[in-house]
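Contents: one structure, followed by commentary.
For reference, chains read A, B, C and D in written order, and residue numbers begin at 1 within each chain.
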Amino acid sequence: MTDPIDLIRRQVSDLHQELVRYRLVVWTAGNVSARVPGEDLMVIKPSGVSYDELTPDAMILCDLDGKVVEGSHSPSSDTAAHAYVYRHLPEVGGVVHTHSTYACAWAARGEAVPCVLTAMADEFGAEIPVGPFALIGDDSIGRGIVDTLRDHRSPAVLMKSHGVFTVGKDAKAAVKAAVMCEDVARTVHISRQLGEPLPIAQADIDALNHRYQHVYGQQPAAR
Amino acid sequence: MTDPIDLIRRQVSDLHQELVRYRLVVWTAGNVSARVPGEDLMVIKPSGVSYDELTPDAMILCDLDGKVVEGSHSPSSDTAAHAYVYRHLPEVGGVVHTHSTYACAWAARGEAVPCVLTAMADEFGAEIPVGPFALIGDDSIGRGIVDTLRDHRSPAVLMKSHGVFTVGKDAKAAVKAAVMCEDVARTVHISRQLGEPLPIAQADIDALNHRYQHVYGQQPAAR
Amino acid sequence: MTDPIDLIRRQVSDLHQELVRYRLVVWTAGNVSARVPGEDLMVIKPSGVSYDELTPDAMILCDLDGKVVEGSHSPSSDTAAHAYVYRHLPEVGGVVHTHSTYACAWAARGEAVPCVLTAMADEFGAEIPVGPFALIGDDSIGRGIVDTLRDHRSPAVLMKSHGVFTVGKDAKAAVKAAVMCEDVARTVHISRQLGEPLPIAQADIDALNHRYQHVYGQQPAAR
Amino acid sequence: MTDPIDLIRRQVSDLHQELVRYRLVVWTAGNVSARVPGEDLMVIKPSGVSYDELTPDAMILCDLDGKVVEGSHSPSSDTAAHAYVYRHLPEVGGVVHTHSTYACAWAARGEAVPCVLTAMADEFGAEIPVGPFALIGDDSIGRGIVDTLRDHRSPAVLMKSHGVFTVGKDAKAAVKAAVMCEDVARTVHISRQLGEPLPIAQADIDALNHRYQHVYGQQPAAR
C-alpha cells in the first residue's frame, strides 16, 4: 500500500513544476509545502536545490515547528513561515511562496492590488492585501502572513519589499492562488500604466466571489 | 465513418492548445466552442478542467440553450454566453473567451483599442470595441457581446472589467481573432506608453480591411 | 546532386522557425525570403500558412517581379515588397518582414529607435529609421523600404503604422537583423519608460560599427 | 581519468544553456567563462557561434592574457574583459556577460538598481552599481568592471550603455548572479513604473546579506 506521505511528497514535488511553467520563480527562489492531513507534519522543498533536480524523495518532512523529521537536505529557508501558517490556520492545507515579478512590484511599493477584474472578484473576493516588512530568521514573516490573511477573503498576501505567500485548502489550491495572483497583479499593473481601471461595485464583487467559491468547476472534486 | 461531432470535439480540444501556446490563458481560465453546423448544438470546454487534461472525449455537447446533451462533466461556466451568441448571430460558427493580459488591461479601463496598425485594419477593420459590465449567471454577458458586435466589423469585444470574447465563421477563426486581439492590444498599449500612435485614415482602414478579408491567404480554404 | 534551389527552400523554411523561437511573429504574420544567387529568382513563404505547416516543399519560387515560377500555393502577400528590394538593392540576398511588438510600437508612433546601446552601434551603426506609411497592393512598400535603407547603415526599417523589414547579405543575416531589431527596440523602449537613455558619441558609434562589421565572429564564414 | 579541463569545458558549455533558458541572451550575444583552478587559464565561449551549436569541444581554452591555448575558433570578443577580471580578482572563478533587457535598460540610463527587495539584499547586498562607458578593443571594459566591483558587495555591474557583467566563485555562481540581476532589475523597474519602491533600512540589508551568504542553501556544496 502506498504511504500517504509518499503521495504528498510526489504532489509537492510536481507542483513546483507549475511554478516554473507559469514563470513565478527563477533559479531556486520559491517553494511549495503541504500539510500532512491529520498529523502535525508538513512536506516542503529542500533549500537551494534547483527545480530540475527536485524529486519526491528530495522533499523534506518537517514537524509544525519546522524541525526536520525525514530528509537528507536542509528544508527551505522559508520553512518557519510555512510552519507558522499551519499552526495558526488549521483550515490551510497548502502554502506557496514566490518572488513573482508583478506581485513583488506591488509589494516593493507596499501597495495592495485593487479588485478591478471579475477574475479577481472570483478568486480573491477583494484586493490582494499587503503584509508587514519582516526579516527572515524568526516567526515575524509567519505572523505577518497570518495576521493579514486571518480575516481576509484573499488567499494571497504581498509581504512588503519581499514577495507573495498564498494559502489553500491543499497545495494545489495554494499554487492556483499563486498563479492567479501574479496574473491579476500583472494585468492590473498594465491597465494602470495608461489610466485608472474602473472600480467594481462591492455588491458585484461579493456576488461574483460567492458564486465562484460555491458553483464553479466540477463537483465535488475537480477544482 | 467518423461522426462529424467527433471531428468538432477534436478540433475544439486542439484549439485550446493554441490558447496555451499564445499565452492567452492561465490555469483553467479560457474556453473555445464550436457550433455543430446544421444542428442546434455546440461543443464546448468542460468547466474547471486543466488544459493538460483536455481530450476530445472530455468536450461537452450542449444545445443552444446551454443544456448538456452529452458529456460527463459540467460545461464551461461561460456556456450561457457562448449559447446566446450562437442563437443570435447565425453566421458565427466559433466563439472564444479569454482573460488575456493586454486585452483585459484595456477592458479594465473600459477603453477601446484604437485602430492604429495596418494589421488591426486587416483583421479588425476598426477599433476593438468595449462591451458593458455584466455579471455571470444569466444572459447579460451574451447580450452584451451580441449588442456590441452585431453591427461592428471587429470579431472581438472587450467586456468591461472582465475579458475578451471573439467570434468567427468557425472555431479556428475565433481563435485567430483572440490571438490577434491580444497581439494588437499589447502592441498599441506599448506604443502609447511613450506617446501617441499616429492615426490611420479611415479610407486606408477601409481599403486594408476589404483587401485582407477578400484576398489574403490561400483560396479558398487555407485561411 | 542537390539542386541549389532546394537548399534555399530548406534554409528559408528553417529560418521561419527562428521568427517563432524569438517570438517575432504570431499566427501567420511574418515572412522570410532569399534571393537565388545568380538568378532573377527568390524563394518566399506561402501566404496564410501556419509556421507549423511550413516545409521546404511548401516554399514558393518567384521571379523578381513576384510572379510564381514554382509552387502550389499563393506566395506571401508581401511578395511584391520583397521583390522590389531584390530588384533595387543588388547586394541584398535576404529579406525579412515581421510585426514584432516593440518595433511596431515605435513604428506606430513613427519614431526612430535612437542608437543608445553599444549592441545597436555594432549591428545597426545608427538609429533604426522610419519609412513612410504605404498601402499594400503595389510598389509603395518596396519603394519605401529601398528609399529609406539605400544610404543608411541600418539593415532594418520601421514602416510607419505597419511593421519592420530587414535586409542582409543572405536570409540568415536578415533574420539576425530582425531578431536584434526587436531586442534593441524593446530594451530602448523599456529604458525610456523611466528616463532618457544616455547618448553615445557619434565617433564611438562609428568605431563600434566598423569593428563589429569587420572583426567580430569567426573568419570568414561563421557570422 | 577525466581531464579537469574537460569537465570545465562541459560546465561552461552547459551553463550557456541557462542563459538561453532564462532569456538573458538572443542570437550569439552573451558569454560565460570559468577559470581553470590553479592554472593561469580560462575556458570561454567561441565568438559568434549560436547557442544551439555550442559543445564542450567548441569551447576555447585561453591564457589570462586572452591568447588562445587550445581551440579551433576565435574566442568571444569579450575575452579581454574576462581575462582582465581573472588577472585582477583572484577570488573570482567565473565571469558572465549578457545584454539582458532590464539590466541594459538601467545601464542605458547609467542608473544603478536600488536595493529595494529582500532578494536583492540577499544576493547583492547593495544596489547594483554602474560602471563606466568603455569601448571594446583594449583593457577599458575589464578595468571598468574590476574598479567598480573590487570594493562592492554586488557580484554584478551594469556597464554604461552596454550590458551586465557578473562574477562568482565559479561559473555557476556567476550565472546565478546574471539570472538574479535581470530578475531584480526587471522587478524594480516594473515597481517604479507606478511609484517609488519603499527603501529597506541599511541595517536590514546588512543582516539579510550576511545571513544569505552564510546560512542559505545546503552546506557546504549545494549553493
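Worth pointing out:
We adopt the following convention: a contact is a pair of C-beta atoms (placed from the backbone, for glycine too) under 8 Å apart; a residue touches a chain by one contact, two chains touch by 3 or more.
This structure is a prediction, so every number in the text was calculated from the model and none was measured.
Look at the CA centroids: the one farthest from the centroid of chain B belongs to D.
In the Cα superposition of chain A onto chain B, the rotation angle, rounded to steps of 5, is 90 degrees.
Distance from the chain A centre to the chain D centre is 31 Å, each centre being the mean of its Cα atoms. If you average the Cα atoms of chain A and of chain C, the two centres end up 44 Å apart. For chain C, the set of residues that touch two or more other chains comprises 193. Arrangement of the chains shown, judged by which pairs touch: one closed cycle in which each chain has exactly two touching partners. Interface residues of chain B facing chain C in the complex, by the touch rule stated above, are 22, 116-119, 176, 179-180, 183, 186-188, 190-191, 193-198, 200, 204, 207-208, 211, 215-219, 222-223. Chain contact summary for the complex, chain B toward chain A: residues 26-29, 46-49, 73-74, 77, 99, 101-102, 104-106, 108-111, 133, 135-137, 160-163, 189, 192-193.
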